[in-house]
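Read from first to last, the chains carry the letters A, B and C; within each, the first residue is number 1.
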């Protein structure tokens, strides 16, 4: 539809290794509309992180085999040239990573990294203008002393502050799509909330769609509108947040929800010692409302 | 300011090490079998002559006193008389050290100019044909002894293809420039003679390369490893995701963090190169400290040997300090952390 | 016990160069050990002259040619390998135990020991290896192979001290060390039975690499005339003697030279393979 920003069709991804071919994504389908906040939930190794790499075109090695379509803004970008990808990255699509301090180069000041990001917006921008633009962006997210931050090195910032800086960098060029790869996992719980709130605010302001990759159902509940559940490279359930949480259909989703520790004192989460092979159970799609 | 503190501390440590080294070298010199005076005078010397020389050299006193005399003399610039050249050793050092200094500087420059780009190419184009060729060159650099490099370079570039000269620092037909620093490159520039500058540079190439090849190989391999380590770090993934230019990533964003461990090794490589200088100066008949060192060793000239060891070690210590400061400059974590 | 089937060998053999290195090393070892049996002219190693056959270029009879006094160079090169290999083994047999013991003590016994031992190590490390070796040999009365071995060992042990010291420092905070301490194990036991095994992969790798480098340094010393004396065949000496006769009698220098290159290359490749296999950094 006209509202559709990102449509992933029958996406397949395999790696050729010494032991043979390993298929990481098995024909997955996803759809994001403009400004929509979507969560991709799954455990480690389910294939959720490689999806972001594919969207950004960062999986081009010799032993990688891709099939299917990734349609972004009505254009199939799965096999886009590197030159064209460079126009999209940092501009139309941004990404934030799990560990903000690791995402920032330790031997360069924050202002340098901001400058590079600003170059995506205007590749002739002067350092001075870039500095001003970045400071403004930092002020808008209630960072009171942007000059100090700009002159700092990443190791001088706390985890939460670093994540706010990274989120600002991601949003400064008002991208159409923000990929968030486990954005809060490395942070303390209280700081997590702040970071997620900030993300929510900024993306709502600019009508940026968000694809949130996570294994944390709590984060999903707080943030997402639509949810895809992925298990071993297969989407096993999709639905709105309400549908997933109130009426989960697939046994894997049920297991995921059950393993959230409850504060109401019901003891350890219930857990099936002999789970079925979730991949073999067909996908459960909720009826669209 | 933190950098100043570090600077002073480093100098302090170096001074302690210097004294330690001087003790070690001095003890080695005095504790070896044989009578230095007799060795110096040869088998035909009479007992009186030997005894006289022993008195002059204070060889009959206790070790502590001898060391004290040695250090006091050192700081007066008196390193004794060389029994080989029959001149004050200090004069020998002033005569020969600049040649080695210039040569080692040339080798160091070559090491950086060739080694680092080679390693960067290797790392940036990992597992391609460029990488493989570069790695072969590096490997050959590391495993081939310097004297063999000297011989091969001589054969290739002087006999087979007469491009570079193979001995001395300057063509016999040219007059050397006025002696100011002893460094031909600088003196010739001061004198204003570009021709001599060029000729001196020409003479520096082959021996410099022969000394530098193992270090080039080492630096190249290390840069490659460090670079590919850095490339797998998340901040490079971030840089790629945000379309930082590939060239900028290779030459700036990956290189700067990668250069920190590399620079540390460069300091050690200088030690290696100082050692290689002995071999290369011999092959290329280069009138430097190392060639002098070999000659005094063969002639059993105690003062000469001590002086050579001390001078070269001090040179190495200073280079290490410089390297430490470069690392400091590159790594903000050290300079800014408490 | 089929070593070729083990998981370690599989990882080692991922890189074809490592296998090539292994072949080189085994080949040279074999030739050196069985030198009297495989060389055509073993008598040329001792005092032997045959001026009728002198300075002959490589031929079917003398694959590497003959030297200035008519000796077969191929035979002398193979016997020269014996000298080089023994140099490597003896030097490391001295340097490794000393360096390791010092590193363990410096890393574990206590602050005072640490400071003293590491300062001494730093002092020795401050002297470039060849400079130190040369100084030692130079100050001894007559250069020969034995003195060379001593001199090079003196220059080599500090590197092992540093390596073992670093590993000891990082390991001493581990749980099993504390456990052993609580159980009353003696310092000696902890150092040699708990910490040392952790050092083995790095040690093995470094020793392999060093075998090559010791031979390199040793041949450099012999090149300067300070190694084994005539008529014992020494690769470095052979290169030196032939250097003045370049380029006409190129085979005098080139074959011994490349022989050195070969064995250093071999040990280097094997060492690199071990480095990848054990995933260490020496």
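By definition in this document, a contact is a pair of C-beta atoms (placed from the backbone, for glycine too) under 8 Å apart; a residue touches a chain by one contact, two chains touch by 3 or more.
What you are looking at is a predicted structure, and each value in this text was computed from that prediction instead of being measured.
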Centroid comparison with subunit B (C-alpha atoms), farthest chain: A
Pair sharing more residue contacts (C-beta pairs) when A-B is set against B-C: B-C
Interchain centroid distance [CA atoms averaged], subunit A/subunit B, Å: 52
Distance from the mean Cα position of subunit C to that of subunit B, given in whole angstrom: 23
For subunit B, residues contacting two or more additional chains: none
Residues of subunit B that touch subunit A when the two form their complex: 233-235, 237-244, 248, 253, 256-257, 260, 330-333, 336
Residues on subunit C engaged by subunit B in the complex (per definition of touch): 119-120, 122-124, 126-132, 134-141, 212, 216-217, 219-220, 223-226, 236, 239-240, 243, 246-247, 250, 253-254, 257-258, 260-261, 264-265, 268-269
Subunit C-touching residues of subunit B, taken from the complex the two chains share: 16-18, 20-21, 24-25, 28-29, 32-34, 39, 139-140, 142-148, 151, 154-155, 159, 271-272, 274-276, 278-279, 282-283, 293-294, 296-298, 300, 302, 305, 308-309, 312-313, 316-317, 320
Contacting residues of subunit A [partner subunit B, same complex]: 56, 58, 85-91, 94-95, 97, 99, 102-108, 116-117, 120, 153, 155-156, 169
